[in-house]
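Got a structure for you, written out below as structure tokens; questions coming shortly.
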Amino acid sequence: MATLEPPKTIMNDDGQPNGEVPDLSQDALLDMYEAMVTTRLLNERGMKLQRQGRIHFYVGSMGQEASHVGFGAALKETDWYFPHYRDTGVAVLRGASIEEMVHQCYGTAEDHIQGRQMPNHYSFKDINFYSISSPLSTQIPHAVGAAYAAQIKDDDVVTGVAFGDGSTSEGDFHVAMNFAGVWNTPTVFLCQNNQWAISVPTEKQTASESFAIKAKAYGFDGVRVDGNDVLALYQASREAVEKARNGGGPTLIEAVTYRMGPHSSSDDPDRYVPQEDLEAWSNRDPIDLFQAFLHEQNHLTESEDEALRERIKDEIQAGVESAENAEGPTIDSLVEDVYAQVPWHLREQADDLKRFYGERPDMDGGH
Amino acid sequence: MATLEPPKTIMNDDGQPNGEVPDLSQDALLDMYEAMVTTRLLNERGMKLQRQGRIHFYVGSMGQEASHVGFGAALKETDWYFPHYRDTGVAVLRGASIEEMVHQCYGTAEDHIQGRQMPNHYSFKDINFYSISSPLSTQIPHAVGAAYAAQIKDDDVVTGVAFGDGSTSEGDFHVAMNFAGVWNTPTVFLCQNNQWAISVPTEKQTASESFAIKAKAYGFDGVRVDGNDVLALYQASREAVEKARNGGGPTLIEAVTYRMGPHSSSDDPDRYVPQEDLEAWSNRDPIDLFQAFLHEQNHLTESEDEALRERIKDEIQAGVESAENAEGPTIDSLVEDVYAQVPWHLREQADDLKRFYGERPDMDGGH
Amino acid sequence: MTLVEAVNDGLNTAMHEDDRVVVLGEDVGVNGGVFRATDGLYDAYGEERVIDTPLAEAGIIGTAMGMALYGLRPVPEIQFLDFIYPGFDQIVNEVAKIRYRSGGQYTAPMVIRTPYGGGIRGGHYHSQSSEAYFAHTPGLKIVIPSTPTDTKGLLLASIQDEDPVMFLEPKRVYRAVKEDVEEGYYETEIGEARIAREGDDVTVIAYGAMLHVALQAAQTAEEEGVSVEVIDMRTLVPFDKDTLEASVKKTGRAVLVQEAPRTGGFMGEISAFLHERLILNLEAPIQRVTGLDTPFPYTLEEEYLPTPTRVLDAVDEVLSY
Amino acid sequence: MTLVEAVNDGLNTAMHEDDRVVVLGEDVGVNGGVFRATDGLYDAYGEERVIDTPLAEAGIIGTAMGMALYGLRPVPEIQFLDFIYPGFDQIVNEVAKIRYRSGGQYTAPMVIRTPYGGGIRGGHYHSQSSEAYFAHTPGLKIVIPSTPTDTKGLLLASIQDEDPVMFLEPKRVYRAVKEDVEEGYYETEIGEARIAREGDDVTVIAYGAMLHVALQAAQTAEEEGVSVEVIDMRTLVPFDKDTLEASVKKTGRAVLVQEAPRTGGFMGEISAFLHERLILNLEAPIQRVTGLDTPFPYTLEEEYLPTPTRVLDAVDEVLSY
């Protein structure tokens, strides 16, 4: 992909504008920043909790905070967001509480999903943040179907859907893009090209010139944007979202970024990620960049920044304490939500299990 | 797709060259013609046998004889062909006998595949003509995997794989194209764009400008060719095959053609195919075109043509008689070829069945 | 009205009553479906609600799920059950699990309609009977009608059900069974079996096209003085344990008929279930009459499929045990 | 050597002996597999034979099939069984049926390796145990080892087998079970069960990680004076009917353990089979100890999975019948 034009940017490496800055209020800018910082801090704490054996897994998004937050910020609250598993920042931006997220990572009874999924697999319907799945790319057709439904109901709703570079290789990416093209749905696709699918680099993923160009196969446009530049991401997403909202159909956005951490807490990237790459990309850390921009534009002082980070850390700490003192889910919760009503065979199975475990087993794990 | 450049042609509507004619011997040209005519005549007879209830199904390729024969002719005998179900002509070109094909359509004991598949689902390993499957697009990754295998074994083998326009919407098309791009396999893809997938027209199939352009998403070239012009198809295929053979990697060829009959014997196209389209396309019937070319170039006289058709018809008639007098497959054949050896449970099941049916039931059906 | 006409009538009734209902799939629109199950719907409800999709089962199921999440009631058609597998991941990992994994926040009520089973000379790609895959997938309900009346009532109930339903239509009897079918809206309850024929000596349990094979066997048995009770399961998950238990308690003997390959078929589950609960009531081992553990053949399909004769043979066997 | 090291040793041995063998999948190359099953192979055999593929299971299985048709012996890895379904169509409609549909002209011998089952805190997308889907698919052999020695021997036999094999690796015991494993090449025969522990009072049948649960239960039972025979099925299709029959004939009682959801699981088939053949030998109904009919949970996975206690409870039940 070496001969391609560089992706669109708005901030230079010092966080200074080198393009037209989108028209965003100070509040809006600070919300985006807070979402990015929260994501980073949750990531740090989550990885630590995992190493301490207090939670069992964590999948972070170090380096990719701008990629999803810039995109998420371009959507309205009423728009539906279909997340990639790294998109904690969008949940924060839309109003998910840190406490809820920590309970999810611990899988407690207070977790909205009753400890049924691995950490970071959030689901927040009240803020139109769709349930995260582990199987890759499966959410992409859902976003297209929901957009179709919104369209025929005449609702003013756009769907945004995010996924990784590796995820474009799955059949579900292809079928979803193709249906979106034919139906001209109000859907914006975000490919977060972080250069890796676990250990597989993009050149083993596809021979295509770029990910953006894949949109051509479906009859709509693709754009390549600097994924570490939250303003550039916002701007490109905004245009795509407006186009979709006005009946102009789908767009594919490729956010060119880099995964600055392990794939997940189970991964050891030293086996395959070149140290030079990490060093090179760390000069364009999305949070540093945006921080410099906000300082320079007088939106945020250093001490305000400090205070913000302290507040977030405290919230995380409070969440951890709350989760560590919470009870685990009940045996009955094991058989609920399989169907709208618990059918006879599941009732029998739960009752049988209660002979062994009572109503509510102790939370296990290392905490 | 209206604004696209017209697809490449070599013959005008009267079968006269309007481009450079590929360097093919008279024998080669006549073989191609014979394969096309055989396909057409088998089609006619097959549909009739189906209407008479003597066979139970037929899937023809009226109008598409050039699309697959031009492509097949560009491959060497040692190259592997992964057919679409309409590609009878390639089987003929490679040497499949009419008799074998008719036995397959009747599902007799002399059918190489023991009456295990619907009519037209041929399989001729000795001529590298791969087994036809009903599920669409599944053969596309097989062609890529086989090409990969040939490549690492250093065999001088290209794989050619054909499918319809509708088949490009399946995930298997996408994954196969993507793997071929990354692995740079010697594979040539033929999309026979006959404008329909049963009743669904191309504009409901994809919003892409063309099918050829889809290759861009995988980092290789696509070309659009007049699918009714067997010489143009041959020429484009030849170039792609040579490129593949020389390490240049895959190519996607889009053959722009029209389905001049029903989807299959189960279909009634009057419900959805516009009569005007059929009329317009019948002026570029691929066999008429090629026939005119051959006459004009003095490769074939009218009486030779007549004789050829009579001979083919006689062969078909002989095949029909042979098949109608053949026995059906045995009960044991029901449980063979599931595994290399018949395991105990299948042995038991076959033995149990023989209590009811003996060794070999009567052939059923209308004949 | 034939069974396939009952499908059509059910869809038409549902779309008329409830504008959340949309139909999508290959050839379901202008063409009215390759079996004519959606005939006339395109003209009646327009292309927004009767959607000819691109050719991709994963896309059909996946976008239908998106519609369901958003509040529509999609009824995707898969042209043949044999072609459902490109959409299998969407069904088993997404449609079936979304309610559970989201703690009930998101649900995907939808009815995946598809013709299934042998007997139409379709070879191994137009004849499969793979209900067992779906029955082993928690989160799905599995409904298989065998008569026109049940087809319409169960289809309407499935569309109103809050859970995703696999609705498998026995295409072999699409046109073979006719009945007067009630006009207008009615539901037949999911989860209830039907005693298709009462009898005392042995219980034959079946569903789909095999129900008719069982009934034919029962008819012949009666002529031979044997009284066969025939149960039409209608719902495989959750199945009607009470009706099954009561009948087998009464007769003490059971023959289970499925056209799917024997090993791992759903009747293995029913056999295990009955045996676990009723061993003391059983006068003879439960017998299964099934398809073979092979891909579905073309020429020999009559021999592959269970027949009344083979069912009778099993009936004789349990009676003479 | 651990079980996962035995996989690695088996692959290494096969690749060393037979240059038709290639390994492909997500992260199997440079990274050596997310469970390190292919560790070192990339360095030893190069990127042509140890292939990091694009992220698409349909592509992995589909191209592997093309390689097998051409004469290679591909061993595709699916990172978790839970992610196999995008390739399900290729497996059930293509890999499983090609020999049959081509009259034996084309074959696709290949070994689809994949870690499966719960017990590693993987939630419902890293814990599934869906062997029943594959066991109900004629044309596939289903092999599930439970010890390092068997893992290597069965893997080598599977790679040399002329038929496609689903090779399911119980990841919960990837590192929990250690054994001295024979060096070099050896095969363990497909289709043969193993009596993991001899006993007289009751037969417990299991496979994969559940074998170890069964053995623990047997150990405890012995302390309570009950003699349990434990059978490791090792191959589900074609299963070893003789060993199963002989053991249950001897003990007259059987408990079947599977971690998969109960309904439609493979142990339903075994229950039906044993009951059909051995009803007169059975002193009590066969009991199944299984996972629940729910998606696999995260927090409560220990409660979801069969435990030695639950197995013992079933043993008590069949003994006190």
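Letters are used for the chains, namely A, B, C and D, taken in the order the chains are written, and counting of residues starts over at 1 for each.
The rule is simple: contacts are C-beta pairs under 8 Å (C-beta built on N, C-alpha and C of every residue); 3 or more make two chains touch, one makes a residue touch a chain.
Remember, predicted model here, so these are calculated numbers, not experimental data.
Using the contact threshold fixed earlier, the set of chains in contact with both subunit A and subunit D is B, C.
Listing every chain that touches subunit A and subunit B alike gives C, D. For the pair subunit B and subunit C, the distance between mean C-alpha positions equals 35 Å.
Averaged C-alpha coordinates give centres for subunit A and subunit C that are 40 Å from one another. Subunit C and subunit D have Cα centroids separated by 30 Å.
The residues of subunit D that reach two or more other chains are 53-54, 56, 58-59, 82, 85-86, 89, 93, 100-101, 124-125, 138-139, 263, 292-295, listed in rising order. The set of subunit A residues that touch two or more partner chains comprises 114, 116-117, 121, 133, 135, 169-172, 174-175, 178, 182, 204-206, 338, 345. Chain contacts in this assembly form a complete graph, since each chain touches every other chain. Of all residues in subunit B, only 169-175, 178, 181-182, 184, 203-209, 213-214, 216-220 touch subunit A in the complex they form. Those residues of subunit A that touch subunit D in the shared complex are 56-57, 107-108, 114-118, 121, 133-136, 166-167, 169-172, 197-200, 204-206, 266-267, 271-272, 328-329, 331, 333-335, 338, 345-346, 349-350, 353, 355-357, 361, 363-365. Taken in their complex, subunit D has these residues touching subunit C: 58, 82, 85-86, 88-89, 92-93, 96-97, 100-101, 124-125, 130, 132-133, 135-136, 138-139, 237, 260-261, 263-269, 271-273, 275-277, 279, 282, 284-288, 292-295. Listing the residues of subunit D that touch subunit B in their complex gives 22, 48-49, 53-54, 56, 58-59, 61-72, 74, 86, 89-90, 93-94, 98-107, 138-139, 141, 161-163, 191, 238, 241.
Here subunit D touches subunit A in the complex through residues 26-27, 29-32, 34, 52-59, 82-83, 85-86, 121-126, 262-263, 292-295, 297-300, 302-304, 307, 309-310, 313, going by the rule given at the top.
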